[in-house]
């Protein structure tokens, strides 16, 4: 079963049809989905970094959240619309994505994050004349290159914990609404998870919940402080979400506990 | 008829299939749904208490409302996605949930509220170094432990009345959109009810509309002032909503007045 | 054909079934729908007036808009979810609601508006102790009883024009998304129309677009300045929307121009 | 195949039926769709210009975004709900709209933009008495006639680039969610694209992404500074989005690369 069949949140159109073969199969399974993820993460990180020039948390949360909602809907039929290495990891743990496909996705997602952050840097620096009131340095430096950072006084373990629990909510939402139930409103729910999480954790850790969102801007800005927190936290959150799903929450076919012949 | 069949807002997939038996039936009916409710309320109260560190009512309303929307969608297929003892009470009154299942739910919801409030307290206190500008005491104390409180000058009976009418709107939305009509957008409507209610009542009673949302933080913070208001109000609101549904609004099968053979 | 069959935005469940008869028919066609409209408008006006204590336009717009979204979803299967005499008038003009039913609706909607405004006044006045910082007079007087008013300098004809064009958008959305296409997201679109209209016209006319929203608070507060504007404007807007629909936009069955046998 | 069949985002109702003929066909294919686009753009530009009197970016973004969401839903079944010459251009490039229909749409969209901007000017100027605190000149001049402008210091090529990438996101969303997958939530996703884009680019270029949104207000206000940027940027963005769709992202039937007989 291919990744694009398993994870796609597009509903109601699964009809028996002959499996594609040869180059078409390679294209549909190994080529287009990772490129789609590159594409989606690039747009997401660009949007996220530039939106961070808004000072109110609500606007930043809405921009990230609704961007995820639309990107999941746009790329859902192409790649499943993960847009996030932590989501891909959680879906692999949950048994709904092949490991090899997952690795491909994560590589392309990280590349997309770097590319999106580079575009954002370009727009916010050399895109301004140095004589304007907003000089070509201010804006990009003011937002610290869009790299998520711990707020003052937050301990490292707390940062890991908050990123973990927020990512848990996000990955659980992906697994339950898009992968498992394939609800028509799944992209909205996934976007809402990001939106809510940023309102909740934005003033603690920045609420990245996405290693590609932290890695790309970090590489482009050369700011690596606490980068590890934005990998360990989301990985732990995704691990618990994927595990809860696999053991307990999935429908019988994918569940480990109390499998049900009649289900 | 099991709770998960009656209340689930997931649509369009009801096909005749053999009833599960033995341990699988116990798991699907008595074990997984209450644990799911524990899970959902824990995440909701964590999100709600930490989000209360935002000072603008709109952000707090959006965080609570959209969190409910996604949790209803995530746990809808597991437990019906009540996430609230008042909702469970209203659904029991409305004749769409067994009393025993309802009691189980409420116990697990209250436990979830305590656990979520404890996680939030941990994140907002010992997760900060005491030398930072935001000390490990400020944030949690500043929001009064996230316990809903009456605004200055609001009388107790007004608090009960406002909580009752706001909960009435919420429970009616659950009964009509998710339980009765099983609309695909039901989780969004339920989330909107919470969001709107907080904009309306946030500056009067805090708009808890959920005894687990008030009980958990109250126990963890040791603040019991007016706690009874956040039980009596929601119970009255749920009673009227469940009653209106049962007597008047439900489709014929579940309605008391003017039952219709042809419906 | 009954009103509840014609206007309901609940989708995909229309199957041939015997028409109900006798008292059940009276209940389903002439009793429950108007009472549902009373119910819905009462909740809407209560929510709207109390939400007006928020000072930022965005919160007020979100509260009114999402309240309409959920009320349309909740009462859609009961009465079509008009929640507004202007909507009822537009749907009658559009040929999708019987005149007698429409008159019944409008009477009950106006009564609901009065009742909702009275509840809001009670909550905002006698619900506060006079010794608090917010006295029992301030809040209700500060919002002028929640009665929509022209901003300073706005001429009466401009008020009528703005109310007309905003109501046109609202009624057109109802007719095209709920009545004609019966989209699953219709309640959201209708709510968005109210939300957007308030951001647009809130600082000009208050963007009532609903005679029950202006009449109820006006009667309860005894403030009748410019009340006629909030009747003439919405009536004109609904007339144009209903007319555009009837003549031009409706599907062939209900359209006057270029009727299509094959459609 | 007619434009209204190809592009409509209204779902699940495509059943074989006889093609309409004669005047009815002309009406349904060449008359009603362009007039619908005129209609929709007129309302959108009116809403957009008047909403610009709000000072916070979030309100302006929400007004534009949700207005697009509801207009796409309202006119989706009439014209496909483009509401934007750049969208029409992208859909033509993507091979999902005839060139002649596209040209018709663009002409009517531009006329709609002019008409909407004229209505907005009327409401914001002669609709105020000159003796009020807000005089009949202030409001319209304060928002520069609602014409999108580059922020201080932004270079022209950066303006083009930002408009291009934001329009790319918008047109891609239209092509993938409405045209290709015909998701029930497509109108919401398209609205979210506009909403997010304005939060992201509002403080750089104003985030018009729509030549009718810039042309109409520019003509009515007589402000032509940088107007070319709001044509070249969106055209480039739509070209890339339509091209990506055609070559790579479309389902096999409309895709150029790796066409799949079995798909």
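Just so it is clear, A, B, C and D label the chains in written order, and each chain counts residues from 1 on its own.
Assume contacts are C-beta pairs under 8 Å (C-beta built on N, C-alpha and C of every residue); 3 or more make two chains touch, one makes a residue touch a chain.
Since the structure is predicted, the reported quantities are computational estimates derived from the model, not experimental observations.
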{"item": "Labels of chains that are neighbours to chain A and to chain D", "value": "none"}
{"item": "Type of chain B:chain C copy interface by residue overlap (half), same or different", "value": "different"}
{"item": "Chain centre separation in whole Å, for chain D relative to chain B (CA means)", "value": "39"}
{"item": "Chain C-chain D separation of Cα centroids, rounded to whole Å", "value": "28"}
{"item": "Touching two or more other chains - residue numbers and ranges from chain D", "value": "58, 184-185, 188"}
{"item": "Overall pattern in which the protein chains touch one another (line/ring/star/complete/other)", "value": "ring"}
{"item": "Partner chain C, residues of chain D touching it in the complex", "value": "10, 17-21, 23-24, 27-28, 32, 35-36, 43, 46-47, 50-51, 53-54, 56, 58-59, 62-63, 66-67, 69-70, 73-78, 119, 123, 126-129, 131-136, 184-185, 187-188, 191"}
{"item": "Interfacial residue positions of chain B with respect to chain C in the complex", "value": "57-58, 61, 151-155, 157-158, 161-162, 165, 169, 172-173, 176-177, 180-181, 183-186, 188-190, 192-193, 195-196, 199-201, 203-204, 248-249, 257-260, 262-263"}
